[in-house]
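To keep things clear, I will list the structure first and then write my remarks on it.
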Amino acid sequence: VKTAPTATLLLYGPDRKGLVAGVSRFLLEHEANIIHADQHTDREEGLFLQRVEFEMDGMDLAPEEVGGAFAPLAEDLGMRWVLRMASQRRRAAILVSRQAHCLIDLLARWKMRELDMEIPIVVSNHPDHADVAGYFGVEFRHLAVTPETRPAQEELLREELSAQRVDLVVLARYMQVLSSGLVEAYPNQIINIHHSFLPAFVGARPYEQAHERGVKVIGATAHYVTADLDAGPIIEQDVVRVSHRDTVEDMVRKGRDLEKTVLARAVRLHLDDRVLVYGNKTVVFD
Amino acid sequence: VKTAPTATLLLYGPDRKGLVAGVSRFLLEHEANIIHADQHTDREEGLFLQRVEFEMDGMDLAPEEVGGAFAPLAEDLGMRWVLRMASQRRRAAILVSRQAHCLIDLLARWKMRELDMEIPIVVSNHPDHADVAGYFGVEFRHLAVTPETRPAQEELLREELSAQRVDLVVLARYMQVLSSGLVEAYPNQIINIHHSFLPAFVGARPYEQAHERGVKVIGATAHYVTADLDAGPIIEQDVVRVSHRDTVEDMVRKGRDLEKTVLARAVRLHLDDRVLVYGNKTVVFD
Amino acid sequence: VKTAPTATLLLYGPDRKGLVAGVSRFLLEHEANIIHADQHTDREEGLFLQRVEFEMDGMDLAPEEVGGAFAPLAEDLGMRWVLRMASQRRRAAILVSRQAHCLIDLLARWKMRELDMEIPIVVSNHPDHADVAGYFGVEFRHLAVTPETRPAQEELLREELSAQRVDLVVLARYMQVLSSGLVEAYPNQIINIHHSFLPAFVGARPYEQAHERGVKVIGATAHYVTADLDAGPIIEQDVVRVSHRDTVEDMVRKGRDLEKTVLARAVRLHLDDRVLVYGNKTVVFD
Amino acid sequence: VKTAPTATLLLYGPDRKGLVAGVSRFLLEHEANIIHADQHTDREEGLFLQRVEFEMDGMDLAPEEVGGAFAPLAEDLGMRWVLRMASQRRRAAILVSRQAHCLIDLLARWKMRELDMEIPIVVSNHPDHADVAGYFGVEFRHLAVTPETRPAQEELLREELSAQRVDLVVLARYMQVLSSGLVEAYPNQIINIHHSFLPAFVGARPYEQAHERGVKVIGATAHYVTADLDAGPIIEQDVVRVSHRDTVEDMVRKGRDLEKTVLARAVRLHLDDRVLVYGNKTVVFD
């Protein structure tokens, strides 16, 4: 039951004395109330990373003025930063292919208000799931694709994302590779669910590979998409035990449960501004 | 490889603006370098709780002066606090009865430098484990007990703990109930491992109870000891799956693994000053 | 890709020599092919329990004759038994109150053919979820209830279950207590999801209780419903870690995920005839 | 509390009708009492695999006659098989290098009678752990090795294993690669613990690799050693969550706990004759 308007500040830069004090003093001077603060120091990289969530009620700055007031301090401290008002809800597009389990799961969570975002559009390269989207009251766009039409289809996709002013793209088992141009247009804003415990079983058919190898545990990985396929910063992973009793089909079924859960957790962490990306890694302030 | 002298401050009190800023400004002014800071707000209780770990190198206060300098600020902010230098290693007594698995596990971890403490004494109401203690180079004291001699035995125990200047007592499957007098003499300094997932299966023979009930998961709980048996603040819990294939003996064996791991984690969290007790609950800053 | 008609035999009785040989010889003589066989001996109770799944192709008995042919042997061996053809799909009613997460999850899995059953009816004491049922093509019946109308409402419910020839009732967060008469009419055919790790936190508001107690792990339990509330034979349990960072609301959200997963697993195990109930316990042949 | 002499039969071969009946009839005819029977069908390979544990009390065959009596039936059914009397305790050598955590863990479990085997010898390429072995009453042999002396050292090792009539070799963090000749002399009798979730992070320094990649879960793998390093049949795996808060050192520490547990479970499964190897995979009858 949060009612007061809140904001979240994610910041990082070279570690040095006075960073915590500097940021908290800034917020104190402007009468903000810190609700949560978490920080991490990467000693190898000499980096300090922080997440601060604060209430703006009673501040002597209007929400739109906070960033401008903070900028000089951040420059002074050599920090990169992102400020986001909780009232700015993200606008997410969900992309899906044939398998609907992640799509249905996300939409059901969204309807139960677990995921605080708007979903202006569901896009698929297949027409199958128009009814699911419709049931949850979300617009559906079918963008068919063949090897020949791929560039044209992606162009339509980009226009759609742009027209809908999307700032989050969730690949909910979308089986098309995005071009590096599209990926770069949405840095750390595209979340993919990989049906494997990366870095094992990279690529297609991981459950068949896992079955063949006789592993006793399978996993799933949610990560930001970068130009380097399946190698982007990992947001969340989880695993489930399997045994010789599990056929490939059983693994696929267990994997679906993992994929749903891991993707939903990653999206939620992103929406709550809990994920800070640096280099090819993440700090997840949970 | 921390080499600089560090200290940890645990503090809590009524939530209000400026707490983070106040503490961090104090440390900044005295030239401390904050390595880790974590905080939590219990909204229902209106409480703010914080853990700050900082390096003292370059501070304008000697280690023994930091507390005195901080006290007025804490009083001002209405906070209760504990300050501990990493160089003050705790002195722990391990109490054990017949079952040695937790004792051996703790001693082996201690020998591998996983647990940063001194162990001046192992006490048991049975003579069996003198050799284990001896192997690890720890003094062993056998304090036999019968229903009639219980008060006298506990008096000897208290003298031993006092003589050894112990500030942590680990009940590593010690099957004697401590008197409330002894418990109160070591507030939040006695850690017990309960061989059950509290609050289920309180009391003796939990594995038999679990087997009888046909549960599919069993657990273990490490908690601080309070006068109310098995109801003290929980530090750590974990579980393991069981099935109809597991006999009571199998559950006992799986339980032993859980007990070892959960107790060792709790002791480690305590040694790192990561556990803040308030009311009958803990905040574990992990 | 099972195509041959298969059947499953669940049986148990006093342990004695020759049980495995007797059953397997019977199947061999009638030219059945055993696909899976699993057995368990409860030594304390002196009971032998077995599950045998076999293909009927090539048998010298028609499916409807197998039971009759097996009966004399079972009587001879003193075994209680159930025989079920895979072709007899169960007819399940799903009962739900305000919270829809388990309902949606079950329907979505059913639609993806994870759950091999028919769902002739969804019944609720609230009108809210008619649209979900409709989306998945399942009939919805609203049976409002007040303390005064409870017996009458349950009578309508019984008529509906009977009219639909239901042989499985799934309580998907149905917040009404069933009368013992209804429970006894569907022995080991009513599955409930309890939003707690039984036997801890029996009763209502378990997440509040868990939060209050400061536990580090919460759980959910799927069990058959018996006259003794929350004490029926446990089919499946699972847990998830929580910390001081989790509010009651967070626990409720994490609990929803658990409830969905645990209930779906229990239903699936039941549909596959993998659960054998004896006394107040289960053997789950997984 | 097993007191009657028992035996375990592991067998596998091409799937066909009558296998279960054939084996169970054989045991019935010779008045054995089946305690546990478990079977698995690998449909892709068309293989049937079974484990049968039975009491020999009252059999009309002496223990040393059972194998001879069973052989013709097995030949008839085209099955490969191993028969082992529970009274034939295995003789295990434990090989270790600098890190002692797995060694201590195995010895402590062995002393508590969790692991039903004899340990005639501990061998190490370092002299460090003579005292641990001595404390547990096990002979210790130091076989120093340099790149130049490796063949000679392994020859001494082979002689030692042979002289001690060892039929199980446990590599408890033994950091030397065994020659293919030695590996082949002990087929499916050498168990290694790999400090990684295979097939991810093959090779040395897996925790550094995992930390670098920013994974959220790390694992450990126990497997039989084959000529192809780190690619042998997997017996057991498990995982633990990690986060950005975990340094490489923390991962190593968490990994040690995993390694101990996973290796001990694998050894126990092997000792109970629960692991059937076929191709490069295992069936673990747990």
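Order of writing sets the labels: A, B, C and D. Residues in every chain begin at 1.
Simple rule for what comes next: contacts are C-beta pairs under 8 Å (C-beta built on N, C-alpha and C of every residue); 3 or more make two chains touch, one makes a residue touch a chain.
Computed from a predicted model, the values in this text were never measured in an experiment.
Here the repeat of A-C among B-C, A-D or B-D is B-D, since over half of its contact pairs match by residue number.
When the C-beta pairs in contact are tallied for B-D and for A-B, the bigger tally goes to A-B.
For the pair subunit A and subunit D, the distance between C-alpha centroids works out to 42 Å. With centres defined as mean CA coordinates, subunit B is found 37 Å away from subunit A. Each of the following residues of subunit B touches two or more other chains: 40, 245, 286.
Remark: subunit B residues 40, 42-43, 197-201, 213-217, 219, 233-234, 236-239, 243-245, 247, 280-284, 286 touch subunit C in the complex.
Those residues of subunit B that touch subunit D in the shared complex are 100-101, 104-105, 108, 112, 114, 131, 135, 245, 253, 256-257, 261, 286. Note for the complex: subunit D touches subunit C at residues 17-21, 24-25, 27-28, 31-41.
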